[in-house]
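Chain nomenclature is as follows: A, B, C and D, assigned in order of appearance, with residue numbering initiated at 1 for each chain independently.
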């Protein structure tokens, strides 16, 4: 019987290695896999590359992971936001490598990794600083730059409901990066607010089919804060 | 008030021009926009390029459109199937141009057109006849070929339910090419089995958001035949 | 030089943009003044708002006791959803943007050049960590880009320029600019003034603009 | 040359493949003999079947009075859906395939070469209109490709060859072949025979095979 549910957060994070590239879902406070991030801090993996839309806020979650010195590099679209104090400190001190990617290119690079597309052309960034040193090509009279896919070793995902096969649905704006990151990692770990019985999620409404999911841990975390 | 519903099939097909590239959804008999195809035959546009998975069967629908001499070229993955008699006749007679595309590459080229990606690399077809004369590039030790996006002038789509904003859901294996073709055409025309009131379709379960849809025509067509 | 003319405040600028958005358009409204535009579109006019974090059919901010913590816009503010709205993931959301399905995107700007170049994400070439977000994708992807911004910075520098000095967001992207003083089209001939606040002269507007302004041809001819 | 050995029929070949599919795998079964494999996976072993027309968790053919006309597989046969199944569109379906998420794809073949090259879509280089379907995507995308096929054609020609003569589907794709006579692994050393039907000798199998066969190293050593 396929049962991807694991008993606790420690089991969910087992085997994440030093040097891993870790995707972290969420946008703003919605859909953040906070329990998995906390568990990753406990777990101890170092020298991580984080892929996320933001670079953390306050001194909790992603920011705490960074403050603990466990992040070597961050790949994101919006590092500076209200309360990104830890990022600011580390970046100024030269202790954090940064790769800024336009949000749509970030999303498409992640989707491409999940879809077996190693590279694609996009108009986003052409003629700008973020397009420098990238291959330029014209299609139908317009200029585009080549972007490569962005795969990860691990994806940390927050779902609203998941079943033992790993099928997931999300809640409102909590779908965001979670659904695409789930497809792009060698090890996809889901923290879910609710566990559904197999067959309870409408087959027409499954957002992440279980094929993309490796582990499911039940964390009735409650509503996003802030 | 946004109301994309039109009164009849003639209004749905209005303005489709000679020489148009027309996408036709469906896989096997499921999700075929049969009423729209019949209406396209009535409508009279000629010299069409058809994008579809198959090249028609029997002497109805797509096959009848082809038999009427209205199709210049077909882009598909599986031209020869049980009952593709019209295709065989026209192709042998040299009266039909054919572009064969692997099914996944066809799907991705359509999706790319809808997503503003002019070209992408894929391993599919590398080293085969269908990869000949295509740019080859190595990424991370593996060979890929470059494929361009495939946009269309018109997409003919069959949905299960649609509302006046054009939001669509499909039924079981009827989603197939319909959902991606809806994103890739300048004019997307939906024939729907059922019309839903606005807000009746669960926002979490909308497959084709109305932004992609131009016209909706209510055709309670019934179950797929065969 | 003082002139006796009106200066639009932020709400008035937003209202002015809202006037020009026809029903049926799919729009993405950026952070800042653009976000305010939604409040000035009459409820009778159906304009479908897109938010890049995966929402189509976004409604106004909820009453404080009606907040749904799971529903925020790209500016991280709580919002609502209209009937007919839908949710989707980030790749699908930016497929809508990049694929040219959004009729209009309204953005703020640091600078707009007379060739339509837009600079709105980084204030200095030396800033190694500017936050780009979805600005570049929106600027290349939407069918039309309008900018809404004060005509000059707090230091009195014109935001309408011959060539951008800040790092670019996109080339030739902007087609219209709404400022607190004027509505200016970006045309192949450069900036064309379509409208000015009452009491403002063309010359006074030109004085505050670091690129040449033109009057529409029918007013010249 | 007659030998007194068993020859597996189609159902037996399918059953033999089914033996080797562990629970928990995501599998795509091609048209023909591969489709029959599903009937030989015990219900107690959860194997999740994928169909490229947008189904995961496909169940067996329905009873005639239970047919759902909206649910067909890639071979256009009516099927059912297991609890836990899901539907998706063609781009998402092939993202699963191309993205390496399918553990196993079992396909038929015209020819398999000792370097793993597969030819299973066109029977002649001169055929201008062969139907490729999803074969090329599956052959490059699934984590492993097994072929199930008769060992020789109706005309007695070996389907296991040194180099394919038919148009290729994919290079170096196949890792294992199940025939009506043997189970053969494709290794860097070429074809290695893992299993033969009772009564068949290695020499007799080699006689029917147009490429050199090897025995596993542990049987050689």
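Here is the rule we use: contacts are C-beta pairs under 8 Å (C-beta built on N, C-alpha and C of every residue); 3 or more make two chains touch, one makes a residue touch a chain.
Predicted model only: the values in this text are computed from it and were never measured.
Comparing chain pairs A-D and B-D by the number of C-beta pairs in contact, the larger count belongs to B-D.
The mean-CA centres of subunit B and subunit C are about 35 angstrom from one another, to the nearest whole unit.
Between subunit A and subunit C, the centres computed from C-alpha atoms are 29 Å apart.
Shown for subunit C are the residues in touch with two or more other chains, namely 81, 87-88, 91, 94, 97-98, 141.
The residues of subunit A that reach two or more other chains are 108, 111, 115-117, 122-123, 170-172, 203-204, 207, listed in rising order. Under the stated contact rule, the graph of chain-to-chain touches falls outside the line, ring, star and complete shapes. Pairs of chains meeting the touch criterion are A-B, A-C, A-D, B-C, B-D. Within the complex formed with subunit D, the residues of subunit A that make contact are 1-2, 111, 113-117, 163-165, 167, 183, 198-199, 201, 203-204, 206, 209-212. Per the touch definition, subunit C reaches subunit A in the complex via residues 51-55, 68-74, 76, 81, 87-91, 93-94, 97-98, 122, 125, 128-137, 140-141, 167-171.
Those residues of subunit A lying in contact with subunit C across their complex are 27-30, 77-81, 87, 91, 98, 100-108, 110-111, 122-130, 170-180, 207, 223-225.
Those residues of subunit C that touch subunit B in the shared complex are 23-24, 26, 46, 48, 50, 56-57, 81-88, 91, 94-102, 141.
The part of subunit A that touches subunit B in the complex is made up of residues 108, 112, 115-123, 137, 139-140, 142, 144, 148, 169-172, 202-205, 207.
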